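Chain naming follows the written order as A, B and C, and within any one chain the residues start at number 1.
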Amino acid sequence: MKVVLKNLTKKFPARGKGSGDVIAVNNFSFEIPDKSLVGLLGPSGCGKSTTLNLISGLLRPTEGNILFGEDDVTSLPPEKRGVGLVFQNYALYPHLTVMQNIIFPLQNLKGKNKLSKAEMEMKAYEIAKLVQIESLMERKPNELSGGQQQRVAIARALVKMPRVLLLDEPLSNLDARLRLQTREEIKRIQQETGITTIFVTHDQEEAMSISDLIVVMKDGIVQQIGKPQEVYDEPKNLFVAKFLGTPPISVFDGYINSGRLFIGDEAIFDTDSKDGEVYIAVRPEGFVLSEKGVLSCKLKAVEVMGRDISVVCTNEKCTANAIRAIISAENRVDTSSDTVRFDLKKNKVFVFDKNTEERIAF
Amino acid sequence: MKENKIKKAPGIGKIITYILLAVWAIIVLFPFYWMILTSVKSYASYNAEYFPKFFTLSPTFENYKEAFTAVPLGQYFLNTVIFTVATTAIMLIVIIPAAFAFSRLEFKGKNLVFTLFLALMMIPNELVVITNFTTITNLDLRNSFIGLILPSVTSVFYIYLLKENFSQIPDELYYAAKVDGTSDFKYLMRVMIPICRPTLVTVTILKVIECWNSYVWPRLITDDPAYFLVSNGIQEIRENGFGRENIPAMMAAVVVISLPLIVLFLIFRNKIMAGVARGGTKG
Amino acid sequence: MEKKNLKAWLYLLPAILFLGIFMVYPLIDVFIYSFEEGFNSSSQTYSGIGIYNYSYILRDPYFLQALKNTFILVMITVPVSTGLALLISVGLSSIKWLKNLFQTVYFLPYVTNTLAVGLVFMILFKPTAYSDGLINLILGFFGMSPVDFIDGPYWAKMLVLCIYTVWVVMPFKILILTSALASVNRNYYDAARVDGTSKGRIFRKITLPMISPMLFYLVITGFIGAFKAYSDAVALFGTELNAAEMNTIVGYVYDMLYGEGGGFPSYASAAAIVLFAIVLTITVINLLISRRHVHY
């Protein structure tokens, strides 16, 4: 089922007097292809959860339309949309067993859709098998681990065969180890069922690792949509560049002067762009240790992490306190020296206009 | 640090504490002991004791028989059970939907109405009982169960208590149910009530205690012994029953009346004490 | 939106209906009653509007007696029961062995029928034709002459009423104070002990301030409860409290409304409003004081 969002806008009435409406989602248009797994990504308050709630029907948009396939569902209540929703805290009914939780949505079916108890239980078992919790059916939620609760919540959302599955911060309540495992699991379940799935996260790594497409949002406005690697490699603006990647990208105050790109006094690349102030952002893996390198930095620390070496250094033009460069462990860093010099890989360096923060080619 | 410092003999303070606590325990328990003791003494032997004996070697259950035959204690008992069960049941039917509306539904004027409800909590019952007496009398409902029950079925405090509890259920549960097409009523019945069962049990028990001991309203509204509750019954017995002086029989009636709540208390001890700590007062 | 509104009101309907009929309407009505002069219950007519009802009850010796009784009862039982409850709760929270048993026993009076147990107190205190009653015999053992606590002198009757009232209100106070004491974080005590603070000082400087909100709550509810005393008196002295000189304000209200010489809802209303005014005043004064003295 493809999902189409057309000029979707959601305003909330302002709380204080005098201030205007709060625009949580601003003119969001996007066509989510059938059977895809899409991550809505952004810092808290960026409107990603509001978008999810608009799709689920728990909120009504101020403007715009939502289509599931060819159906316009904009004015339908949640229960008529055929969506499955998994909450951040799972929202399992604490007094019901896993089995009772899973069949709860089925018990709401009426008329010709009504199922017998045996049919419901059969469906519940099928789904439970899919998410691998079939041995826990008689337990209560508080007897389950976080990861198991997560699976039950997914099973409950899937049991009525929704047209679209929505997950709100599905991994944020899990510990680091489970998070890794569960995200693979979500990917697997999504692929096995083929249900179009949209999930919300503030963790870029999570979004990058399993999504077919990611949507980066900020202040209610979509910043960029694309395949994870594309967005990482070709960020459209400074926000997207900074939001994706760990360790974070290093941003420098720079300028272009007569066809050359400068950080401080050091010219790092030639360029065709016109003169002016710019931000220069370098991915951690874009730094190459070189005795004659174009950029000199003050060395602070060297952290050996097995496969890689992380070089922590400073540069007075850097907008953050420290620069973190990741280099291969084959390199040897001369720690007796105060300064360290880098060459930069051109495809890992992005230049942004100082005012608009939009990317400019160089 | 040393072993002997931790394991020292109970100090004089501890002993005084225990004595103090024991004395109060005796003061509390003594009336109960005395009523049971007196209720198993025969009329003759009770009156023969100038110095009342602190135990009896020949207990008799004659007084209990007397209590159920000479005065309509069974009738009072039955009336109280009917009154208690009906009042508590109707109260639950009234307060659960109200608490649900306040905690879960959005409607115009909600805050205003809720504030008014809270303001009503400050109104003492004594203030409204006068008009209620007139109302019930004018409706010709004196000496009827309806007249006894109706004014006692709402409790703003319990609505408040339940609303607070309902509000603690995460919103996500409601949204999850909504997405699955659960109606508000079904959500209330299948999710909220089971989750809040402990509070509902507490409210029920507190109301049962209140009903079982209620005296003032029943006294105003009934003068036909056929509708007396136990409190009025015991007052009637004191003033007119057993030829006034049969104290052992009177005590048997007191034991019978006190027993149900004490048994209830011993079964639900923790629930009742927690419930009262959260919101009970006496008086 | 409209439909949603309607549904919510439907859920509220039973509660609003009952509260409207049995609380809001009577509340307005009681004020009206109290200003209707010469109200006649049988014809439901009145002769005029004014404050005669108030001036009547304030001159009625029975009401003045009830007022006096109630004030004495309040002034004695609230401090005594609160202090005693504090003492017992502190004792209770300092022990482990038998603690549960004591707690259970102490709570028993809460679940007993006031009228029924009042009878037991009556027979304990009352001399009969056959015996002076247990309490008098004990007093006699200490060389005191027997007193009729139920039909005798005023002070004796008041004493029994106070004793019974304290007995009845103690469970609630002990329960509240014990849980308040239990909720004081142990770290404060440990910290104080490490600093070498004496037990008395710990109690005054740490425990008391920490439980002061609860103490204060008990004092307020104690005042309100004691001002509304009635059934304890009935339990001990019977329904004819005016004759026994043991009536309370609430008792006066009910007697005016119904009972011996009843049928005067206007006087009853005026008395009820006087009671309400007293309770309100005390609550407000308490609140004002507490703002300065509750530290936590």
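Just so it is clear, contacts are C-beta pairs under 8 Å (C-beta built on N, C-alpha and C of every residue); 3 or more make two chains touch, one makes a residue touch a chain.
Since this is a predicted model, take the numbers as computed values, not measurements.
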{"item": "Graph class of chain-chain contacts, one of line, ring, star, complete, other", "value": "line"}
{"item": "By mean Cα position, the chain sitting nearest the middle", "value": "B"}
{"item": "A-B compared against B-C, more contacting pairs", "value": "B-C"}
{"item": "Where subunit A and subunit C are represented by their mean Cα positions, the distance between them in whole Å", "value": "62"}
{"item": "Rounded Å distance, subunit A centre to subunit B centre (Cα mean)", "value": "57"}
{"item": "Centroid spacing, where centroids are CA-atom means, of subunit B and subunit C in whole angstrom", "value": "17"}
{"item": "Sites on subunit B touched by subunit A in the complex", "value": "170, 172-173, 175-182, 186, 190-191, 194-195, 197"}
{"item": "Residues of subunit C that touch subunit B when the two form their complex", "value": "4-5, 7-9, 11-12, 14-16, 18-19, 21-27, 29-30, 33, 41, 84, 87-88, 91-92, 94-95, 98, 102-117, 119-124, 128-132, 134, 137, 167-172, 175-176, 179, 221, 224-226, 228-231, 234, 238-239, 250, 253-254, 257-258, 265, 268-269, 272-273, 275-276, 279"}
{"item": "Subunit B residues within the subunit C interface of the complex", "value": "14, 17-18, 20-21, 24-25, 27-29, 31-32, 34-35, 38, 47-52, 93-95, 97-98, 100-102, 105-108, 110, 113, 117, 120, 123-124, 126-135, 150-151, 153-154, 156, 159, 184, 209, 212-213, 215-216, 219-220, 230-231, 234-235, 238-239, 245, 247, 250-251, 253-254, 257-258, 261-262, 264-266, 269, 272-273, 276-277, 280-283"}
{"item": "Parts of subunit A lying in touch with subunit B, wherever the complex brings them together", "value": "56-58, 77-80, 83-85, 87-91, 93-96, 104-105, 108-109, 156, 160"}
